[in-house]
Amino acid sequence: MRSVLKTSWRAALLPVVVIVVAQIAATATQLESDSLASPIDIVAAFFAVLTDGSLLRATADTLMAAFCGCVLGVGAGSLIGIVLGLFRLADDSLDLTIELLRPVPVVALIPVVMMLLGFGARMEIVIIALGLLWPSIVLARAAVREVEPRLMEVSAVLMLGFSARLTKIVLPAIVPQLFMSLKLAAGYALVVAVTVEITANPFGLGYGIMMAQQALRPAEMFAYLLWIGAIGWLISLLLNAAQRRVLPAFAKGDAR
Amino acid sequence: MRTSSLRKVFLGLLGLAVFILVWKLITDAKLVSPIFFPSPERTLASLIKGLSGGALLGQTLETVQRMLLGWLLASLVGIMLGALIGVSRRARAFIAPTLELLRPLPASAMIPIAIAFLGFSNPMVLVVIAFGALWPMLLATIHGFAAMEPRLYEVSAVLGLTRLQTIWKLALPSAMPMILASLRLGLTISLILAIVGEMLASRDGLGQSILLASRSFRSADLFAGIVILGAIGLVGSRLLSLAEARLLRWQATR
Amino acid sequence: MAVTQAPFHAGEFDRADPVPRSVQPRIRIRDVTLSYGALQIIGGISVDIAPGETISVIGPSGCGKTTLLRMLAGLAKPTSGSVELDGSVLAGPNRSVAIVFQDYGKALLPWRTAAGNVSLALEARGCPARERPEIIRDLLDKIGLGRHADKYPSEMSGGMQQRLQIARCLAQEPKVLLMDEPFGALDAMTRQALQDEVLSLVAMTGATMVFVTHDLEEAIYLGDRIVCLQPNPGRVGRMVDVRLARPRDQLMTREDPEFLRLRRELYDLIKDDHQ
């Protein structure tokens, strides 16, 4: 108990000191700036955007897009990955193509998708899904390949059909890895969503922070920034907790 | 062994050929308007024209330079800062939790803040790249230092190594696998942020080039730019893989 | 006094005779205790170890063998009492005291070759870079790793890795060599070969050795004296002189009636502690 208190005290010291020093500096200099704001002003701005509904609307938009893109990208990617993992021929034929397409940075696709679909949620969802596709393929393929060979031999001896092999052996065996894949994807989806919104899409939290900057409202800008950070942190916290609950045996390997 | 890798190469090339063929069939049949979706030949033509005397070559160099500069800056600062924090248990206890708190923050969310301070300028883009790519290296170095085999600290004590020698000869090499993996991640992030930065701040480079191409519906130029960006990513990660294989040849599992 | 004694070379010195006690001890363990909170691990150990002497430390698990060794290495601090090296109190790790850990896999630098691992000790004591290759070659030859200088630890067998760790310790040019069950994880043949090599190296360098082991025969075979520790808390149960001729021989020494008698005596002693 005492050691928990000690660790949390040490952990909290740095942020608290930064906030206090920033507030003192802002008060002492009677800060008037287009790029800086005092902690108290930031909190005030946060409650302003919270009460007028704009923050929650933007959050819902961003999270919805991230969620849909995540489901789409991880779903499609895992499916392709499982097929590639099971069929050597398909894997060998597509390996080179995938290796060549994979390094294309996802933001390079923004202009293409923008041209095809215009602005809005659809475009953002497609870009997020495309960004998550490759990692999901790679992780699912590796997971299938690492299924214990003995299990595959068992399924061969039992003469299981393809669908039985998939649903009874392969899928249950790779559930932990698929969950890991989803966990990585969820964090990444938020990053891509915010990036797309800041770069192009007039929509969601990224656009909100960009607009606050353009309107020279630094307090609001920092409020958005902290809120985005808090959401990212909450998502990773929730997924870690879910992982510990659902897959307690596998939570350990990710303990770092 | 030999025949199986030959088979792999053959099937791989076949797959790539089929991919390009399907692409060509889609555009030839005009399933998607050529305004949005160029054929492979048009993309290739635009690529060749752009690289031989066109603007593409210069833009490529701009983007690569920006990416590398930001990445180097991030690597230097990340590893040095990580070593400083990682080497002391006390510093880790005070600083690491805050860093973990900041880690999930999307790097692109810092762009508006950077713009607020530096405007739409080259330094702004550089700062954004360096800041975004910093995190993986910083955290990997801290974790790598923290994960050093405790026995090695005893070895260093018994041999009478100085603190600096311990960092340089023991902690840094033992953190090297993690640091190298993070350098690769950092390079990917650098390329992404270089493109985003160029798009937003209208800096000369491939990011701006593909955005302008898409606005004026020059789809062939757009795709040529994307091909080059993919190539940059591919070459970068391959070079780092080579460096990794060389630097980590002591690892038993390789 | 020590100065009046005829100078001797370690090789010629017949250690079957008890070491003269009038010489100032290389190591003096003075009523050392160690406690973690209320738990006393070591409860008052006093031993003097003469220069060039080889001491084996045995005892049941939990008797503080390894802890005692770590205190001699300066890696653990006694709660009370002191460890003296050549008359001055040991405050922490000291380059003239080398320690060979049992877990060679963790104590070697996996990213350095055999030569590089030995070099670390030379770098630590500020040996000029020009002189290092020759010293390293010499040491690796001595320990039988001459042809493996460019191998990484991951490419070596357990026995070779432990040899390498010993070579690194010798590169420290230590006055005292501490061994913490160094051959516990090795197979019987490798173990015997290494026992003989360690004995000849110690004879050659004249180093004082403290050898912790749970193998009674190993303790007798190597030691001039055997310290038997008893547990709860760790303390000296018996001190046994080993009057076996040197150089020792895996077959002859082990068949010596005195060897068998000692083995019996120690076995009974340890057995009592286990009950």
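Structure notes:
Going by the order they are written in, the chains are A, B and C; count residues from 1 in each one.
We adopt the following convention: contacts are C-beta pairs under 8 Å (C-beta built on N, C-alpha and C of every residue); 3 or more make two chains touch, one makes a residue touch a chain.
This is a predicted model, so every value here is computed, not measured.
Of all the chains, the one whose CA centre sits at the greatest distance from that of chain A is C.
Counting C-beta pairs in contact across B-C and across A-B gives the higher total for A-B. Chain B has its Cα centroid nearest to the centroid of all protein Cα atoms in the structure.
Centre-to-centre, using mean CA coordinates, chain A is 55 Å away from chain C. Measuring from the averaged C-alpha position of chain B to that of chain C gives a distance of 51 Å. Distance from the chain A centre to the chain B centre is 18 Å, each centre being the mean of its Cα atoms. Taken in their complex, chain A has these residues touching chain B: 7, 10-15, 34-35, 89, 92-97, 99-101, 103-112, 114-116, 187, 190-191, 194-195, 198-200, 206, 209-210, 212-213, 218, 221-222, 224-225, 228-229, 232-233, 235-236, 256.
Interface of chain B with chain A (complex): residues 7-8, 11-16, 18-19, 32, 36-37, 93-95, 97-98, 101-102, 104-113, 115-117, 143, 147, 188, 191-192, 195-196, 199-200, 206-207, 210-211, 213-215, 217, 219, 222-223, 225-226, 229-234, 236-237.
For chain B in complex with chain C, the touching residues are 149, 151-152, 154-161, 165, 169-170, 173-174, 176, 248-252.
Across the complex, chain B is touched by residues 73-75, 92-95, 97-99, 101, 103, 106-107, 109-112, 120-121, 123-125, 152-155, 172 of chain C.
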